[in-house]
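Let me begin by handing over the structure; questions about it come next.
Each chain carries a letter (A, B and C) given by its place in the written order, and its residues are counted from 1.
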Amino acid sequence: MNGLAEILIMLLMLTNFRLLGSSRLPACISTVAFQAVLLGAITLTTAGWRLSPWVIILTASTLAVKGVLLPALLRKAVRDVGISREIQPFVGFGTSVLLGAVLLSVCFIISRPFLDSAASEQSRMLIPGAMFTIMSGMFIIITRKKALTQVLGYLAMENGIYAFGTSLAVEAPFLVEIGMLLDVFVAVFVMGIVIYRINQEFDHMDTHKLTELRD
Amino acid sequence: MNGYWAVFLLPAAGAIILFLTRKNRVIGPVLMASALIHFAAVAYLLSTGYDPAAGSWICPDPPGKLFLAITSGLFLATAGYTTGFLRRDREKHPRRNDTNYAGCLLLFLSSMSLACTSGHLGLYWVAIEATTLASAPLITLHHTPRSLEAVWKYLLICSAGIAIALLGIFFLATAAGEGAGDMTIQGLLGNAGSMDLVWLKASFILLLVGFGTKTGLAPVHTWLPDAHSEAPSMVSALLSGALLNCAFLGILRGHSICAAAGMGDFSGGLLMIFGILSMLTAGVFMIRQTDYKRMLAYSSIEHMGIIALGTGAGGLAAAGAMLHTVTHSAAKGLLFLTAGKLVWMYDTKKISAVRGIMSFDPVTGVFWLGGILAVAGTPPFGVFMSEFIVLKGLLEKQQPLSVVLYLISLAFVFVAMTRLVIPMSFGRPSGNRQRPEAGKGDHSILGPAALALTLLTAGLFIPASLWKVFTRIAAFMGGSGL
Amino acid sequence: MIQSMVHVLLALISAPLLQGVINRVKAFFGGRRGQPLLQPYFDMIRLLRKGAVYGNTTTWIFRISSLAAAAGPAAILALLPLGRVPAMLSFNGDMIVLVYMLAAVRFLMVLGAMDTGSSFEGMGASREVLLAALSEVAFMLCLAALAAAAGSFSLSGVYREMDTFGPVSVMSATVLLILLLSENCRIPVDDPRTHLELTMIHEVMVLDHCGIDLCLIQYGSALKLWVFSALFSGICFPFAGRSLWADLLAGLAGVFATAVVTGVIESTMARIRMKRLPEMLSLASVLALTAFLWEILV
């Protein structure tokens, strides 16, 4: 059990590299979905024997929404828009992976003093892992041009924050957690609709070309 | 279940009615009825001093009650305008179904009310994210390229910011340590003495950055000018006058928890820095504005900066900041509604294309010029009064640098705004303009008129009981709890 | 001690057998019967009987490059542990000697390739060096992570301590597998059966070698395959038997299992496009870095 949690956390860190280095949108979507699956698995393994039915229901719903529904929504958006590759982001893919390695080192260094506040022995490494996920999500939002990739960056950020919550064993009431999940779902839903409209209006999905409003 | 549940359930019920009966002619009655009932309910609950059991989830604290009142009043003032606006707009785009739009408007009101009345920090977060999602469809009514760009920036930047705020909330829970099970605001305030200070500091920084993104504090304000200028005017009024306040509530609560833990200087100092930065940024960007709604949006950034500054300084300045939330919301509501009228009359949002409002339509001209003068801080309007009280409070707290920067940015903004607006108001009327028909536009005067009246009275006379509310909120922010 | 010597002896004798195993596995996947297992030996004997032809442009560098190609890996065998069986020579820092011995061999081979003055060899040399520049980073970081995990700076010490299946070992094993595929000219990095010079990386460097030189080079690459297989199987299939002989047998089984795994990978994957090879190796470096940082913190 112990080793399993650590291996899952390691996989979580590695999925971020895939997200940073891949230019194919469907690959990025499945990476983010896999992150959600990993998070569900990590939650279950770190909870150990303190599994209450609420936790199980919550994990199952998180898996269903973030692992199945949202990726399906996003894949449909990719199909509708017809754009499936991120071409020429502001920071190239190889450079992104290297910068990701640097960010990972920074996360490891920063989180050294905090490791003791982790909820359990197994979830210690989740703190730098979650921090890295948040940072790579933000990196993607900032450096990618396609609107859909920015949504994926936002989802990665949310995954990281959720992971952080798990590592610190923050117990929000069940309704609040379901509310947060619902918020993420509706957010991506609304973003998907806006992307569809942007594509209809502009015939592209490049947010860096949206420069009419400026001072 | 307590009385405050009605406050956010009623508009939601109205929204559901609209979504189910997809008929345009139902929009007007449902909107007005919801606005009136909401206002009546809030007025009743506040005036009878109804206080739900402490520690329940829907339990507004003093600033929450204030912001709830502002939201409700502003919505009522804009409701009449909304119906007329939608009806007029449908003449250009017939057979469009606006029930979804109006339903989103009511959901927007509902989520803002939930944000104001929630006593649990997690629930507050859910509500704020819900306001972002409910208001996004409101910004693009016609799906024009510019509005789509504005909506995208709004959605992405605000959602990312609010996610950071969620991280801050998690840090706060960690800081609370053993008492982490109770994330209600009451519980956190009570626990504040025994919190881990390192986590608390980190949590406040994240809350400030996260909710500050939604409040429009520089340097994370970049979405605000686009979103507030591209939205239809009544939505802009609500966004500027009500939503920014509700988002600020999160920062406020973080600040009071810090103060209760003895770190009020740290959080207050950060707030003051962000406040001054916002004011200066707004002043700088306002000088070369060419779009008058964008100018109003930057003015909102400036005023949220004043509110942050006053809150950070504490004491009398904080009380002044609370008064400022009321006066700014009234002024901004008035201005945006008038701007909507101007857009309809002149069919442009460019300052250079609008001339001679006074001679063309004196009522609108008075509202426009008067509103601008009010929002720039001219006596005898309410904004002057609240800015002056903040100034007094800053002097009392002996913050010379802040005072100097405060006055400089106020002067900047005053010059910038009047320089842009005076040519608009006087001179010969320009461009293609249409006089609004007397019959249809009439009830759109009531809203702005009511707001203008509030503004004037706030400048001339503040009843002692009302003033006590503001000082009570300031004391609450000092961390002494309810 | 005696097990170490037996290990070195067995490696020297049966290294070409690994290549035979890989070829057989690939044939199996292709639905063919395939070459005999001992075919690499037959090839080397055939080459030994031939004379050598040397180009006019070559100098003594060309002659010693092939010698180095065989001698280097043979020397490395002395430093190589096999599972829990320690190496014949082990001291603090022997892992660095291993890396740089391989680098020295590579250096001499590159010099030999450029010595011929042919453009094909030059192209191969430059590709080889590019891949090496990236893979050495990964190799060093991976060894550093393993050293930190085991708390020992010697390879034998590292492999003796290796018994848990944690994230570090998983990541190191992946890195070592990628390095194995890259250094030994296997798909997905380089197709050993290609006959198109423009698609080769390692093979094209030795186009001008023939006869006994080619035999030495082939033998050297077989030994190199053994080295990397031992490194990989020590992590991937750790075994703690009751005696060192049991460990030796298990280690041998592990090495041949690695050969089978390599054969499977070769049969199921296609060769990666040349321009994506640096990406794959930087991925390996990143994995190694993650393993290293993980180990430092925990």
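Rule of thumb we're sticking to: a residue touches a chain if its C-beta (ideal position, glycine included) is under 8 Å from a C-beta of that chain, and two chains touch if they have at least 3 such contacts.
Source: prediction; values computed, not measured.
Q: Touching both chain A and chain B, which chains are there?
A: Under the touch definition, chain A and chain B have no mutual neighbours whatsoever.
Q: So which chain is farthest from chain B, going by the mean of the CA atoms in each chain?
A: The chain lying farthest from chain B is C.
Q: Taking each chain's centre as the mean position of its Cα atoms, how many Å separate chain A from chain B?
A: 31
Q: Could you please state the distance in Å, as a whole number, between where the Cα atoms of chain A are centred and where those of chain C are centred?
A: Here the centre of chain C sits 38 Å away from the centre of chain A.
Q: Using mean CA coordinates as chain centres, what's the gap between chain B and chain C in Å?
A: Whole-Å distance between the two chain centres: 67.
Q: Which positions of chain A touch chain C when the two form their complex?
A: 3, 6-7, 9-10, 13-14, 17, 21, 93-94, 97-98, 100-101, 104-105, 108, 112, 115, 124-125, 128
Q: Can you list the chain A residues touching chain B in their complex?
A: Contact set of chain A toward chain B: 117, 134, 138, 141, 147, 150-151, 154, 157-158, 161, 164-165, 168, 170-173, 175-177, 179-180, 182-183, 186-187, 190-191, 194, 197-198, 200-202, 207, 210, 212-213, 215.
Q: Chain A touches which residues of chain C in the complex?
A: 164-167, 170-171, 278-279, 282-283, 285-287, 289-290, 293-294, 296-298
Q: Mind listing the chain B positions that touch chain A in their complex?
A: 120, 122-123, 125-126, 129-130, 132-133, 136-137, 140, 143-146, 148-153, 155-156, 159-160, 163, 166-167, 170, 173-174, 180-181, 183, 199, 225-226, 229-230, 285, 288-289, 294
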